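Consider the two complexes below, in which chain A is the common component and chain B and chain C are the respective partners.
== the complex of A and B ==
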């Protein structure tokens, strides 16, 4: 026996969650196993589709128009613009009112904590008043002791970047938090609960720095559960627009996005397990028969008709390397790479590194291919950063690739259920 | 590429109280993203607690350069181990916390201090239980008396706000002996039951349910001599005690595994100890064999039997349960198991009360200084239990059950008891 489902998704980030949702909504039984809590918690909460062309051209106005010019091995070319559109539509439905940007295919320009401007396709509603295309003057306000956002520095950088408004920075002490190294989530909890009237006190402290600016930008800590309530209270007290600037991990917009996806997965009947990695599998003929989860030492068999690999790239651990080579450690799919490891990277830190494109090679149905170009397994598909062929960090395309490939892999996995040899006799839905 | 860097000796945190686990890879893998801090239930309600990142990798790094003391705040960690499953870099934070806590107790806590005496007593609850359960009625009357409870708080710092769990009139082991051991013999299907102290002394009905369910599936059940899993000892920094208990358990179960048995547990903290903490902290011969052959009871059945189909055919009395997944169950990937399997039974409604921590964390919430924190952490779970249908709780962990009962007044069952009602009666 094993723990049995129609579709098993391995990986709990944006690609895995999208694949699981896309599959579950067709009515099949889906399980998602994630080694750790969802990586959405580490994400900025911005959903980039394509900000720059592979040759560095950009920021691009319309990512959809740029896709045809991408190399034929790029994940967008393989998944197709239709999958990208459907992946984004699924995201829009999950995110609902909490997100903006679905009114247009064009990129928005969002100020970052470093004072750069980033092209992105979807952004939290709390970020909207801060868009760089808005010409209202802005005051950025940071907090004493937080190391990842220096408001005066960010404001100076934004000014240099040529934004069409005047921008200044100021620093205040965040009310009601004693710890010198408090995390963003702690600030957010204080504002959610309005501990000690923190919203009003913060507004008072910000007001002393206002000098005619019509909007105020704060690091993204305006509540984990009630960001619009917190933002509304601050706007009312200050009489100007208030917006968030997305920060690094632990990221409050990332935590909110994780909660949105978690609720959607639960509503779709997806069974989600976290805390343990998939470490091994058994094949039978041209199909994967079962995968093994390492549950604190014991190998527990999971069996499904169809599998989706969404374990992330080099950073997420879905692609691994040592001095000998580069591997995909779960299903041991082929990962092309130069034999000489000195060819994996360039000396220039921001150079065009080969490693940035490392990943499995997929066909148009998202099946990973072996070194001869044949599908590794008939019932295995891959999605997200584990798929190679794109330098997502340079292109600003990671989320869009996850949505496009996740949607396509999930839908195709669902339609493949029962098409091969049936392994599950009955579905047994409990809803 | 990571193994290319370091061939230097691992740095020792302390001398002789562990087999010196090498903590360097974990400390090096931490990139200070603070996700662990954001997942810590204690840090969420107690701002003075510096959080898992400090207790683990940062404190370890501090101690590398010079001989600084372990910060006493390590004793505020409840050992829920949520940080382990939060860390995107796979750092074993709980291993570092267990190690630092043991170093603190060993080097900085006087054995004559009230804290040490109290913690040692709580950590070795099983020894007291062995004596107390010989005269269960007298012990229950004594422990339930307000005088004893007042003395406990004043002299030992054990909260008087909680009622001590009562001892059963007959221990599980005595029941098992009396019925003549396993009623099934099988050379192929054999499990050795690690019941731990609580199921033996306080909730023998959980142990009985396990035996009956496994026998229904044709398993021979062995109940070997055993000591406490060590969970309360790790949590109180009493590592030499844990080491002795673990050694006994590993030797016992290692031999049974050789005879074809797998180990099953009814308490998810016990299974956690055998699977994760033993290999992280000790290296007795057979430690890894025991770890890889240990399972939670329902987990094991699900892998080897078609429990799902049998439950679909079951027809128990209609009932509604508010299920809480213990943190330690969560870490073993078991958080959804009870609701998935038991929630599918006709007439049985199992509502998951959410992913918050119950707050008691074993002996943690019994300490007077932690009581308020413990109840604050539990608040979310209590609220969700109140809004869930039914007035019976369900959980695998005995101390989570105490907290659920304490916060809501609900009766709390173990999933194995419900499983028995579905499959055996």
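== the complex of A and C ==
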């Protein structure tokens, strides 16, 4: 029997998962195919919306206020603030008690491993006691066998940033892990299972450094499956608040967030397939008729009424390039880019890079447009980092863009099911 | 501030450090000044070929003979800087048979071991060679690490009493009645510098040596002498994996884009030859990178689709007497010239050495040191051809070190290769010794050893250890390397050193920004901007002009629901 669904979502990151959930909750039949493990595993686990304006102004206290001032080609302007609000509400529901930040529109400033602060709209509950606007004195504690977090250095840097509390750093040996190159994931597993009483031993080692501070920050390794259990045990033993500082890849909070979305997709009845790429498709008229998924060398047809492209940007593989140009490799959608490769970047490492904005151009219904400004396909929408037009890294807006465009693409795909050409009447949206 | 030395060597490349070592071994008091870090001129910007001499066998027999002699010496005195990969000169059907035969004959006449192979035999050695390669000549080419070589020379010179001063630029030569008697040096500061930025120092010297290579004309001008050096740029592109284990040369008379050199875990494609007017300011063009890949794909088709990680340009210090007047820089001799300005221009106290190649740096230093010792009346013999460089003595016992330290073998092996006979001192630590740079397998102990030597200059640490020089180009490890500077350096110093390293790593990647490496660059951008917010750090970088931290209205932001 042929594989046939109402909506086929290609890509399993935050945008793809959001689109699939938004569609499935309207009652349509949704399938999600994802080639690689989600890039959520590499991200910090913070869910940012907008930290800085495109001109660098910031950190912004209220990200929602600033959205109307963004250029009209920005994904937020195309998806609309309503879609952003609904995407965030969907996120809050999926994340439940594991995340905080929905009590206010204001951004939170979360300390980084380097001792800077990052503005973000949602953050894991394990991160909450560490926020930089909380004026309790803090002790940061790092591990001597790790290299990406030097707690005394991060504390010195936070101090120079002028945070409204005193902060010191200390280094301890993580209990029960002999290997010199243990990853964050390994530390997390030890704490989850409380191997050799690791929680109590770690608390003892931290306690010797406490000097009146009312909160203690550790790198984000406090358990993959039971972070609140681990954190609770440490807080009880130490008698002070304990928080996590998000790290680079591999990211334990990223792994936890992936698990939350995976459970939500399953509960919503989305059929999820991982490990096989979409390699080809066939169009009929102005519609995509079917996509082909490579399964062990055979191209298997997947047919759907509506399609959502959520394959990620340059990192996720949704946008690809060679010396000649930049392409969207799955449905071959148009990706505008300067013809001279030397115009793709600026000379400063943190310059205003064109490549950071590479992606497909979409209309207000999230349909990718061809070079003449017409929809590539009537039943194809795009969401997340595959959509261009914003330097999400500089703005700190990657997660919010995924939620807003994912929600809108998913909902419009669902409402387009069975409507054929009529989808064009669905274009209106509120701002 | 003033100081005195017998010989002031200007230039911290292979030639300058080689001269400093040679003179120091002969008991001469030497000061070496370099305006950047060691190797920051041409030495650190070459493809790392240890010539067998075969390349010059047809066109320049003298250079070829010198190369094979020095090749053999370097294998003995600098075994930890050299990998004897062997080399192939490969020919395709469209290349001249006559030239191939002449290359083979001339190699043998110059004393270079040369063995003809069939195309099939060559492909058995290097399976990625194109199917139409029909003949090849096997020669003893190798790969040399110019960074380690230069550092080993400088370290040995210092051990023998020389003063090595980096980040110090000669702003004027002191000329007294037609006699050069010293120089004014401005210290440029920067991470790891020995004196504060902006201070100047008068260095009085009996003799000044101009070992500034492509910049020799500029230094000569300060003494009123004309050194008609002809800087010629060449591009090199680094591939992300080592597609070949043998140096691959294209067997044809001359041409751009005709060599691939395996180097550690990578392969370097070279090169072009184009005269430039200013060695500090010349165009770096996309077409040059494209030319390398397009041409060399004809020898190794896999290169067309392979991932490149960065490209860089170097400037050759070519020199020929102005009377020769070659139009094409590829016709200019690769031999070196010693310019005795007393004899040539009537200016005493100054000698210039230009031209030459990294492979013959030791011979150049020997000639120059002989000349200077002659001027100073020092009677001694050169011994640099027989005394091994530090770190190379115990090459044969590296396997024992691996077992002794029980480290995972690839890391220990590569650390031991880099450290030579110092492996035991550096890796013999009881502290946790995690890998900091995963691409190049550089451990904390090795980084800290390099930091002890050069201070908070992460680019100098990079050159000594190769940390941040692999696939990720520092995206995953620059900040980890910076962490190792603390607590010896304070937060402001660490921040400045990190920015310098990250910017330096970015500059070379710009020429490789497509395909997988563009994806890598985006990942690095996301990690450093999104996750670490380094582009909007409230604390100012000493280099961006701000001194005060950005005023953040802390209380306006979300402070959480459980604080007080």
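As a convention for this text, the second predicted complex is superposed on the first by the 418 of 431 C-alpha atoms of A that agree within 3 Å, B and C clash if a C-alpha of one lies under 4 Å from a C-alpha of the other, contacts with A are read in each partner's own complex, and residues count from 1 in each chain.
Here is the rule we use: a residue touches a chain if its C-beta (ideal position, glycine included) is under 8 Å from a C-beta of that chain, and two chains touch if they have at least 3 such contacts.
Remember, predicted model here, so these are calculated numbers, not experimental data.
Shared-chain residue A:18: touches no atom of chain B or chain C. Residue contacts after overlaying the shared chain place A:132 against chain C, while chain B stays out of touching range. Once chain A of one complex is fitted onto chain A of the other, the partner contacts of A:322 extend to both chain B and chain C.
After overlaying the two complexes on the shared chain, residue contacts for A:114 are found with chain C alone; chain B is out of touch.
In the superposition on chain A, A:250 makes contact with chain B only, not with chain C.
Residue contacts after overlaying the shared chain place A:306 against neither chain B nor chain C. When the two structures are aligned on the shared chain, A:350 is found in touch with chain C, with no touch to chain B. After superposition on the shared chain, chain A has more residues touched by C, the comparison being chain B against chain C.
Touch criterion not met for A:402: it reaches neither chain B nor chain C.
Chain A residues in contact with chain B (one complex) as well as with chain C (other complex) are 42, 248-249, 317, 321-323. Within the complex formed with chain C, the chain A residues making contact are 42-44, 48, 51-52, 56, 58-59, 61, 100-101, 103-104, 106-109, 112-119, 128-129, 131-136, 144-150, 152-153, 156-157, 160-164, 173, 180-181, 241, 246-249, 313-315, 317, 320-323, 340-342, 344-345, 347-350, 353, 355-356, 392-394, 396, 398.
By the touch criterion given at the top, residues 1-4, 33, 35-37, 39, 41-42, 177-179, 182-186, 189, 248-250, 255, 271-276, 293, 295-301, 316-317, 321-323, 428, 430 of chain A touch chain B in their complex.
Partner chain A is touched in their complex by these residues of chain C: 286, 290, 293, 431-436, 444, 476-477, 479-480, 483-484, 486-487, 490-492, 494-495, 502-503, 505-507, 510, 513-515, 518-519, 521-523, 525-539, 549, 551-564.
Interface residues of chain B, counted against chain A in their complex, comprise 1, 3-4, 33-35, 37-39, 43-44, 47-48, 50-51, 84-88, 90, 271-272, 275-276, 279, 288, 291-295, 299, 302-306, 308, 312, 330-336, 340, 343-344.
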